[in-house]
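Each of the next two complexes has chain A plus one more chain, namely chain B in the first and chain C in the second.
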Partner chain A sequence: MDLLQISAVILLIATFGIVVRRGFSDWVHAYRYQTIILAVIVSLIATVTNILELYLVAALTFGIKAIAIPKILFYVTKKLDSPIKLEINPYVTLRSSVIISALLVIMSYFIALQLPIRSNEIVSVFLPVSFSLFFIGLFIIISRRKALSQIVGLLTLENGLFLSALVLTNGFALTIEIGLMVDILVSVVVSSILLFRMSQTFDSVDIRNLESLRDD
Partner chain B sequence: MDNLPSLEHILGIIQVIFIIAFSPLIVGLMRKIKAKSQKRVGFGIFQTYYDILKLFRKEEMVSDQSSWIFRITPWVNFVSAISAGFFIPVFFVHSPFGVVGDVLLVVGFFGIGRFFMMLAGLDTGSSFGGLGSSREMMISMLIEPALFMTLFVIAGFYGGTNISTIVSSAHETSFLAVPGILFALIAFFVLMMAETGKLPFDNPSTHLELTMIHEAMILEYSGRSLALIEWSNAIKQMILFTLFINIFIPWYIAEQISFIGIIFGIITFILKVTVLGSLIAFIETNVAKWRLFRISDLVAMAIASSMIGMIFFFL
Partner chain C sequence: MLTETVSPAISILMMSLLLTPIISTIIVTLLKIKRIIGVVTIISSLIILIQSLLLIFFILDKKTISVLDGVLYVDSLSGVMIITISTVGFLSSLYSVNYMGKQYDKLLVDEKKLVRYYQGFNMFLFTMLLVPLSNNLGIMWIAIEATTLVSVLLIMLYVKQSSIEASWKYLMIATVGLSLALFGTIFFYYANSVSDRSLDSIKGMDWTNMVENAHNFDPSLVKFAFIFILVGFGTKAGIAPMHTWLPDAHSEAPSPISALLSGVLLNCAIYGILRFHIISSQSIGSEFSNTLLIILGVFSIGISAASIYFQKDVKRMLAFSSVEHMGIISVAIGFGSIIAIYGALLHIINHAFVKSLLFFSSGSISQKYQTKSISDISGIIRIMPITGFMFLIGGLAIIGLPPFNIFMSEFLILSSGFSSGNFLASTFVIFFLIIIFAGFGKHLVKMVFGNPKLEMIKENWDISVIPMIILVFVIFVMGIYVPDPLQLLIEDASRIVLVGEVNH
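Showing the complex of A and B:
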């Protein structure tokens, strides 16, 4: 199935879009593209495996993750009056984080080669990609300073988990799937509120501000 | 069958002449599209030819402080660009001179041209020339490893560094069958923009001392030498476009020597080059020049992309 492989490649490229961007809205846009591709992949898997439920999951992914969550994040970033909406100096520079992400992708392919669960085409194509999404999301969380990019990293990580669960089990029961989606939505809302509070308290969304505890 | 090799050689030479003659037209076309998309009228698409002809008739001024390097650089540049053109299949899969060299030799020819260009920039002792040379050195140092890595990915997938081999196997197995090539495509596109001095890397139409890179090196040239440099740059750009087209979208390239096939190949090639040129011109309209030290971000992207392509090759 070349189509599966190509969609996996495009998903990886879209994930790199999150790594290379610097601006607040750029991340959210990149995340939205990534999620749209993820929804396309879910419907592709549905076509290949003939599980009709998965079309519903794809629609849910598209509706909640590609429309609702970016809307919320855009709303929050518009409300923020943070002076500079750029990732100015992350802990790891952008160019080295691109290279490190490439290494993470390589690592996840090797890990997937070691695992004895490459039962069918879908698993062998998408499992390494889902691992790389997971690792890149984790890497974004630990290497960036702004709180919003950490949210986007968390969402990327979640996309990776979602994809790996999907390809390994051919989809959970639909109720669990819906519950997960709503969970994500709620977590994004909660973290947006936190983000907003943070920017009101510190005049910035730099997470270094959270390192020192104060008694007031 | 006896006269087939000679026919092939004639075709090869026609391809080189095609590249040499057609290259200023592409430059003119891209300038026109750029002007149009910026709501300017712009010159006609044949303006580059007029420019070159006029410069050939003009008097040439050479600084008496400069050495022989300054005088031979345009010729070295021109000859190296043309020699690189001999190895490129344009509308026919086989380039008959491919037995002599492969894609690495083409990169080497570009390297020689660039090396002499940097020397010439330093040679006249003007501060702009030195500045341009040092910037060019930095950029070429960054893109060289990325370019080699990308070429190795392509060579790995398509079985060899010989360009004719690459193009014919790319023609047989379209890149949809080998998704790893998509990564090489992205990397090659970025590097192509860098090599030809397109907008995120270098603004080819600026003469502002803070931003110019390539222009700074050729600031001292005039007359015939300037014409040669402009022309060899056009040829280099054409060669890179041709490589890009024939490696990644080689559909309808002529595989056998037949009249219809070759005519068809020429027409589709012209179409593809026009589309690629317009795409790049639109991209150039949409981006601003990046800060010099952010250029390495883009190159890092190309390197990362070709690294993943390499992984796909080994899977």
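Showing the complex of A and C:
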């Protein structure tokens, strides 16, 4: 079914949108696109597998992750005192970030092939993509210097987890899915509070400031 | 296996155990009066403690209890956790009132922050209690992640650069770590859903169900998944090399919270590892997970030995000592004999008591000296005779001197290590323990007996010593013998770890 492959490709493109941009709000936009496509994918899988519960999960994904969380993050971006809302010099340059992310995608396909998992159409299309999201999210967290991009990295990583749970086991039970989403929502709120505190105390959200606690 | 009907009293008990901290949070939120909210928290923690003790006796009687259609499930292994959480939680609430009162008098916190503190404290207890009570491994994961979120809020109670740094690192590293654990959980769930097609999606994540089906799991998938679990929950448990957030977070938190973080929360993560360790052992035998646990455990003890020896900050030293003890517990589980696992579970309880005693006393000490730096603290025994004595007892206990409780469990663990043929690992552990003994002992003697640098007013009696006196008493008693019900509980629990269920 071509629709599945197309949606998988769009999901990857949206994820690369986070990797190639510098601005705070660009990341949040890219994350929102990524999540909207994710919600579409969930409903596609719901149609293919004929599991009605998944439509509800898709709606939840859309409501919490594509509307509520970006809203919070946009609010945070707007309110932050820091005048510079750009990732000026990340630990890894954007150009190499793109190359590394591409390598991570290849690695994900490789890993997905190695796993002893019974393959079907959904698994073969989406499992590598979900791994890619996971690894790219991890990469964003360790390669960026602005705290906000770490949050977006974390959310990307979480989307990857969500997708892999979905394709492997047709998703968690609804109660657990709701619990997970609440966890994510709360963690975004908590990290936003921390971001505010950080920008008030350090006048920036650069995590280079966070290196004073150590043993020497 | 769990068909026996449970009397409604027990299900009400288990649910009210979870509801008590929530109700207490609501009362704290509504009242907002400085004097009352502390007392409310003490009362609710006391109720939790009483309910836990009741539940333990039911567990000893029935071995396994599952209520609410198997959503809540307890056995002796959960019992060990519940008793630790509720005891340390109660003592910590007792200590909180005095400690936070002093912080309030020093204008370090205002009334609004006190409300936030007690809200956080109660929710923290709730999330930790949910971990051992839930049968569903997905819910268990959600609870462990929730402990991170609540404790981050508690660590950043003081708006200081260092506490913001500590909470950010903690939030990021712990969440990333836990997401790896969720990956592992997904793979176990997948293995279970492949092996048993008839499962519906919520039962498929139940621990009891996974243990039953474990022998049908694909071995290579189990290995792959267990590595994720170990790295993930290991991050949260402060096992090296994923421990980097721990000394920051535990040293920046308010002292009663440090006690909960070090003494109890780390155990919740260990508990998560244990549950999956049991599934994995049932599936592919215990050798694979045992080897990993021993390697990571020995590494943790080694890392903390070096850090303790050269440590300059007293609370960081205590935090690294938690890394050490989590390492010891991990090694002990890895040794895999019944005595070693008994020792590990006993060590979980012993460490929780001793570490909270140390955090309570060091909290009072650093409040008095207004510093956490080891070089600025000396002559505690002269300035604060009572607290200093407690600190000394705690310090001597934590480095494993007889006749205190840690000596008992460490002795059990090491002797079973040699008898189970793990000579290399046991030798390394002993070697590192000697370094820690020297390092911690050196700092301890200097702080307790050195000449006081400043002229300071001697301490007066206040209620902060009450929880410490209780702890010292418990440490002494547990060093001589383990009370029979507790011994039975731990024996049952170690049998669960070893063979998957208690009825064998």
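Everything that follows uses one rule, which is that the second predicted complex is superposed on the first by the 211 of 216 C-alpha atoms of A that agree within 3 Å, B and C clash if a C-alpha of one lies under 4 Å from a C-alpha of the other, contacts with A are read in each partner's own complex, and residues count from 1 in each chain.
The rule we apply is simple: contacts are C-beta pairs under 8 Å (C-beta built on N, C-alpha and C of every residue); 3 or more make two chains touch, one makes a residue touch a chain.
The model shown is predicted, which means the values in this text are computed figures rather than measured ones.
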Look at A:Tyr109 in the shared chain and tell me whether it touches chain B only, chain C only, both, or neither; answer first, second, both or neither. first
Looking at A:Ala59, would you say it contacts chain B, chain C, both, or neither? Reply first, second, both or neither. neither
So, A:Ile67: does it touch chain B (first), chain C (second), both, or neither? neither
So, A:Leu12: does it touch chain B (first), chain C (second), both, or neither? first
Touching A:Ile141 in the superposition: chain B (first), chain C (second), both, neither? second
Does chain B (first) or chain C (second) touch A:Arg197, or do both, or does neither? second
Between chain B and chain C, point out the one touching more chain A residues. C
Considering only touches as defined above, state whether A:Leu210 meets chain B (first), chain C (second), both or neither. second
Where on chain A is chain C touching in the complex? 115-118, 134, 138, 141, 147, 150, 154, 157-158, 161, 164-165, 168-173, 175-176, 179-180, 183, 186-187, 190-191, 193-194, 197-198, 200-202, 207, 209-213, 215
Sites on chain B touched by chain A in the complex: 176-177, 179-180, 182-183, 186, 296-297, 299-301, 303-305, 307-308, 311-312, 315
Which part of chain A faces chain B closely enough to touch in the complex? 2, 5-6, 8-10, 12-13, 16, 20, 94-96, 98-99, 101-103, 105-106, 109, 113
Interfacial residue positions of chain C with respect to chain A in the complex: 136, 138-139, 142, 145-146, 148-149, 152-153, 156, 159-162, 164-169, 171-172, 175-176, 179, 182-183, 186-187, 189-190, 193-194, 200-202, 204-205, 218, 220-221, 224, 247-248, 251-252, 307, 310-312, 316
